[in-house]
Amino acid sequence: MNDVLLEVKNLRVVFHTYRGIVQALDDVSFTIHRNERVGIIGETGCGKSVTSLAIMRLIEPPGEIVNGEIIFEGKDLVKLNENSLNTIRGKEISMIFQEPLSSLNPVMKVGFQIGESISKVKNISIKASQKFVRDALKAVDLDPERVVNLYPSELSGGMAQRVMISMALSTNPKLMIADEPTSALDVTIQAQIMNLLDELVSKMKNTVILITHDLGVAAQFCDKILIMYAGTIVEFAETKELFENPLHPYTKGLLKAIPKVGNKNKIVGIPGSVPDLVNPPRGCRFHPRCPFAMEICKIEKPTLKTESQDHLVSCHLYR
Amino acid sequence: MDNTLIEVQNLKKYFLRHGFFSKSEYVHAVDDVNLEIKKREIFSVVGESGSGKTTLGRVILRLTEPTFGRIIYDGQDITALSQKDMIKFRKKMQIVFQDPYNSLHPRKLVKDIIGEGLAIHEHLPVDEISEKVREILKKVGLNEDHMFRYPHEFSGGQRQRIAIARALIIKPEFIVLDEPTSALDVSVQANVLELLIDLKKYFDLTYLFITHNLAVVDYISDFVAVMYLGQIVEIGRKDDIFSFPAHPYTYALLSSIPAPDPQRKRSNVIPKGEIPSAINPPRGCRFHTRCLYAKEMCKFEEPQFFNVSGDHIVKCHFPLGKA
Amino acid sequence: MRKLLLLALISLFVVVGFSASIPKDTVVIGMNTGIFISFDPAVCYEVEPSVLVMNIYSDLFKLQEINGTIQAIPELAESYDISQDGKIWTFHIRKGVTFANGNPLNADAVVYSIKRVLKLGKSPVWLFESLGLNSKNMDDTVKKIDDYTVQVTLDKPYAANIVMSIFAESWGGIVDPKIAQSHDVSGDMGSTYLADHSAGAGPYILKSWQRNNMIVLVANENYWRGAPKIKTIIIRDMPESTNQQLSLKRGDIDIAWNLTPEQINSLKGDPNFNVVSVPSQSNEYLAVNAGWGPFKDVRVRQAVKYAIDYNSIIQNIVGGYAIKVQGFIPYGYLGYVSNVPFDQNIAKAKQLLADAGYANGFEVELVTNTTERRRNEAIAIQADLAKIGIKANITIMQAAQMYKKMREQGIQMIVAGWGIDFPDPDALAKPFADYRVKQLAWRMMWYDNHAADLAEAAGFELDQSKRVEMYKDLTNYWFENGPFAILYQPLSYWGTRSELKGFDQTAKGYSLSFDLTKMYK
Amino acid sequence: MKLGNYIIKRSLLMLLVMFGVVAIVFAIVHVIPADPVGALLGGNAPPAVVDRMKEQLGLNKPLFIQFIDYIWGVIHGNLGNSIQSGRPVVQDIMEYFPVTLQLSIVAIFISIILGIFLGIFSAVYRNKWIDHFSRIFSILGVSMPVFWTGLILLLVFYYILGWLPGTGQLSLFVIPPERITGMILVDSLLTGNWEAFWNGLRHIILPAAVLGYAATASIARITRASMLDVLTQDYIRTAKAKGMSKKVVIYRHALKNALIPVVTIIGLTFGGLLEGAVLTETVFGLPGLGRYIVNALLNLDYPAIMGGTLFIALIYSLVNLSVDLIYAMLDPRMRA
Amino acid sequence: MILEKVSEFMEKRKPIFEDWKHTFYLWRKTKLATVGTIIVLIFVVVAIIGPLFVPYDPIVQNMKDRLQPPSFQHFFGTDQFGRDIFSRVISGAMIEVEIIIIVSMISGGIGLILGVLAGYFGGVVDEVLMRTTDMFLAFPGLILAMAFAAMLGPSLINTIIAISLVGWTVFARLARAEAMKVKNQPYIESIKALGAGKTRIISLHVTPMCISPVLVQLTLRMGTVILTAASLGFLGLGVRPPLPEWGAMVSDGRSFLVEQWWISTFPGIAIAIVVLGFNLLGDGLRDIMDPRLRR
């Protein structure tokens, strides 16, 4: 039984800017199985969003996928032409974004926008798709009669994200990518949305990639967590394993830096700042900030290796 | 000796909102707020978007004129001052904004941005200003090479340090920190929070810390006020609030936070529905539309403040833990 | 969207390709009609529209060029008598003449028409007033004797030619009182209606006038001299001369009215076109203010006259369409002086300036209006004056501003033209030499009593040859002392298509006389 | 619906603006040291006649009184009588304006279509040669003096090629349609006069093309900028993520948003067209309001100048008011 | 020693140069802007040094050589006064430059100052200013310019005044919009919080931010200025002869268009190229100054 849904191999994405070439993703490889919920965690500029956009082939100039394969159900998305891609986007893989309000077209009614997706997948007219639209809205706890005729500007952030979710899930995609779906929302609303997402995905058994900078959100939602730093994957493990037994110094640092309610421990930040990806550090990209850095870290790039059962880490400390 | 630095009395701020087709309406951004900030304390205001916490911070500094109410700074009512007299108070109170990308003038060099306060208040020669800028840069963890750079060359954390340096260079007593770390990554946030704590000790400062992040509040504050739709719903010592939240809203907020711990499951006491608009806030208790414990009475009668213990007060008809 | 583009392309091709030649009994004229105001003879005063008015209305007299001079000859006034003292004129009106609509033209109509001009008091009225007629005395001075006799009493014994000429102009057109009165709006004697309608007995009827667009004249089949051969005349408004040139060449118009000399010259030698030119009834002049600074000195005025390269202006600016005249009386007029004393003579001009104490020259403002020809003349004169050290700064003004400044005696130097009001030397001697009439001489502050006396006396001199001598004396005195340099007498010119015949006859005497009935195809 | 209130408020502001326009024009016109009567009478008339004429026209009254009189007249819908033609200015305007309006409408139609297409091409093929070409093409339109382009086009299409007629609104022997709106094309459609319609259309092509081409650049520019802006928006990314084809993304999702700012520029462009009409009407011999005002200016016909400019200002303001309303209707965000 | 100081100074201010380098890079990337800049540069250089090299006097008439077609003696032919059109076009560049500079300074200056004040203070100040600009915007600029030109009399300086008085409104609106945007930015707020007075905030912080949109629009408008001058010339309200102003040359030569096409065509082409240059440069500047591109 082949339950691999998505396999990313040696993905390398660059952005051409005036300062030089930004190496946004450097040799990223990972595998996602069916019905898994994988969280991609990292700080600003670590490449987590670029990864998701690359999977959707939504990297636009000045960005460019220079190398690698993205194999989705046996097809290499990197090599597909625009038309074939459009049969996968929305239908097989769908996506929701961080800013739900700006991600909806301001001049189109909600019903139309959801209907557009459904009509394409079901190959019916947008008008005919409206009854499915109502179902999709009901599924995200919105009042369909009212909401179909609203424009995005008439929605609150929470409602808009519900609309986005209903749009993404209305076609029952095999893979859903949620790119920071709650970062722009208030905590109470965030909790509502995450509960909703949890409920829907459990029911429909979609595979999910959740991209977030919030370890808390990921901890409560994901089966597996993938940590990224400066365009590389540093650690990939089951959620529980990762929190109990973080291996990579970066992961460790991250966990120590987070203030937690009721936890009186002093929080400690990671010294220094994220490197400039035009001239990333040689060797391990984390070495300038790493308390355990060794000579080899400055020279040789570590590779992602299996350290224990399903726990991958990219660090010279482990060999 | 009175230990109070700032006293806010019945503060209100209504904004007039002009609609294109609709008639103009008032946004009740801050609605009858009373609070007291003690010297050398970190006083946090926590709330979701639209709670009026940012407006409160700005009104206290009179960056926005209050609609009603008094702000007493060190015994002096500053709401009554003219803009001109306000200038010498400006030296004593400063602000650091949330957005590190828009809070620094994009066309000015760092030394000019930081030196601005000195240029306004102390008519010092250029060399002396540079010297002081250099000093303060070191204090906030940057180095002097950074003086001749533009803001866009810095990361978010560094920019926030620049903004802090700008506020500190004129030696203020009181600083409003308006979500100073919200736009930063966690690893950087920790460093900035540490810096703020260090600087507070070093310069003997008082902070008004505005944020939506309860974990940060828990980490840093002495005193906490929880705001909802322009009003303070609960106020008290940090430990009291976090250990014994009395207002359902405070409780809901606390339980909504996703803990970075896979063992803890998500809570079910999430408030329902959306945050209502501050244009027509709900009658009675403003939280009743979302409250899991709301009773009929909450819809009509506005609750009064109830003293839970010591200086822990709550604005609720049915505070938790009381029954 | 793509369909729209296609549609646009298709429609473009549908639209392409056209042709419509002008019928034989129709003449189309391209003309700048921007200044046209009214076709009411009591209102119309501008050159081009009055030319048309002359062909819509018949007058008591008519101006015609005979042997090179323009004379007034009886028209509707079959004959006339002048009293002994020369003040009372009796007109005997031709019988049997009707207006275009068949209404009879009689003494009532004549009296009505003259009184109408006086009463309305519009632009042309001052010419009747210069004969002593006005709205206050008109009931005594303009009288019907019987159905075909009218008597007019003047205040002074003016030379007969002056009186007849004034009655022969457009404002002398006889209006049908019935039509005029039936369209009276609050006492305007039908002048609103007549602005774009006709009520005359001329060879043509004004059929329609769409302002800034087109004027249509049709033949008056009842014309008392017989209906004209061309049945329809269309005047299209073409403000751009280039446009007229192109249209003429394309055959869309028969006559181009406002061509530049270069454009007209380009037609020469092409068998499809004729160039018709006639001496214009006007003077083009340069005037200096005799009351201003250096120009107070007669030598400076002479220096200016010697500095100008008249030949070059005539050749290069008006393309030869001019007669080299330097006296104020134009070619073809009584008292015309063929003597041209001035030619460009820089040395002499410099000498004169030096004598006057301006060896180093001076600065002066040279004013002219916006017409291209005037501008070019001013530019040429500027260059000429520079050669003798006078720095002329050209100021181009609206006509309205220019005349205002001139009337206030505020102009230092000006290039302008003088259109002749009636074909008599008096119409030129007075303005150019007699400051008391407050016209040109006064405006240029040339308060010369000798010249003024001579001009006035000549106006009342009844002996023809004596009168000629007086004007010659005046001209010679004026040459030496006057503040004017006549640059040339312009030729008026038109480009016509060669199918059109007889236009040279039509245009003779322009702008005082213009007879559309002479055209045929 | 508060739309009514909005319109009332805008109209009141417009009145204020109109008053200002009258005051400005009145001031400009009356400090001109010139003499419209002199222009009317020509150079020859003696001073006494000039003075009497001034009195007849009321030009000898104090300026303040003249201004009050004028405002009083305007309030009563009377813009006075033209000094030159002696006719009521309102009547003149009503006669000339339809020509200008028709020309402007056809021209703006041309420039909108051309501008939007060029703008889209430019944005979609940003920094490719199509972009360069279409930008240079559109900018060339504003780079040449309108009257000169007009004459060159006349030379080429009328004189040399003979494809299109030269001047006027209709060929000479085409029977014009009965006057209903004053716009030949509209009237001939209303009366079913097809010959006049086609003929009129042929006549309007050149002037409208000249005028419209000159206005193309601003529309193309704003379309491009707005399109580029829209193409980077999150909702475009959403549309792409939904698997919408490039065509749908550009024409359905992007264009609708991108056109909203274009609408506002159309109002301003219309003002520019009225301005360009002054020149175009002269070159092509069209009896429009532009020429009327130019003639009035050249002869200092005060009432005509003031009436004409006031009217154009009014039209301009009305167009912009409607543009604002359309804008609000197009953009749901404004309705919230 | 001095060299060291200089290099130290340079080193310290490296970021400033970096910023310039960035601008330069962006400029080079926007090809049309490069073309535009080159055109404008050539135009300015020709204006400044061109008159030293012209083969003939642009003003002195030579009636013997009038209406010569283009040849090696007269590259662009001669006009109706026998003046060499090539020399006139070259010398005319300076006049255009003068017009552009003065108009830009007047209308840009008025617009910037009024716009910033209105935008910053809002309220009554804003209301009054905006209604005034509405008035000026409401009637077509050309007609207003004509009225001014007719009032003041046609001449170079009056043309300039007329165009400036008409043109400032655009800049006022732009500066106002920018000032309104800027005044609520946190960086202005923090300066306010530091206790800076209004004068300081407006002059040192708000105005500099409003300059660039005004500058871009000014560049775009420079072309229009030439065209307006030409249109005034066409209606007989342009500069005083015999100045070789391009617009006046085009309109004066238009009656020769059929037979002597060169008289108005060459200055017409000169106008078209320069206006094109300014437009390309303006568009490019807009792109280059676009903060989204800079980030």
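Letters A, B, C, D and E mark the chains as written, and numbering starts fresh at 1 in each.
Basically, a contact is a pair of C-beta atoms (placed from the backbone, for glycine too) under 8 Å apart; a residue touches a chain by one contact, two chains touch by 3 or more.
As the structure is a computational prediction, the values presented were derived from the model and not from experiment.
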### Query
So which chain is the furthest away from chain A, centre to centre on CA atoms?
C
### Query
Among the chains, which one keeps its Cα centre farthest from the Cα centre of chain B?
C
### Message
As a quick test, compute the distance in whole Å between the mean CA positions of chain A and chain C.
### Response
88
## Note on the structure
Note: chain E sits from chain D at a C-alpha centroid distance in Å of 24
### Message
Can you work out the whole-Å distance between the CA centroids of chain C and chain E?
### Response
45
### Summary
Rounded to the nearest Å, the gap separating the Cα centres of chain B and chain E is 48
#### Entry: Multi-chain contact residues (two or more partners), chain C
240, 242, 246, 370, 397-398, 401
## Note on the structure
Each of the following residues of chain A touches two or more other chains, namely none
### Query
Which parts of chain D, given as residue numbers and ranges, touch two or more other chains?
32, 151, 155, 159, 282, 297-298, 300, 335
### Touch list for chain C against partner chain E, complex
240-242, 245-246, 260, 262-263, 266, 312, 315-317, 370-372, 375-376, 378-380, 382-383, 393-398, 401
### Task
Would you mind writing out the residues of chain C in touch with chain D in their complex?
1, 4-5, 8, 11-12, 14-20, 22-23, 28, 30, 34-35, 37-38, 43, 45-46, 121, 123, 125-126, 129, 191-192, 195, 210-214, 234, 236-240, 242-243, 246-247, 249-250, 252, 370, 397-401, 403-407, 416, 418-419, 421, 431, 437-439
### Query
Given the complex with chain B, which residues does chain E contribute to the contact?
12-16, 18-19, 185-197, 200, 205, 208-209, 291, 294-295
### Message
So in the complex, the part of chain D that touches chain E is made up of which residues?
### Response
13, 16-18, 20-21, 24-25, 28-29, 31-32, 127, 132, 135-136, 139-140, 142-148, 151-152, 155, 159, 217, 221, 225, 232, 268, 271-272, 274-276, 278-279, 282, 293-294, 297-298, 300, 305, 309, 312-313, 316-317
### Message
With touch defined as at the start, can you tell me which chain E residues reach chain D in the complex?
### Response
29-32, 131-132, 134-144, 146-148, 150-151, 223-224, 227, 230-231, 234-236, 247, 250-251, 254, 257-258, 264, 268, 271-273, 275-276, 279-280, 283, 286, 292
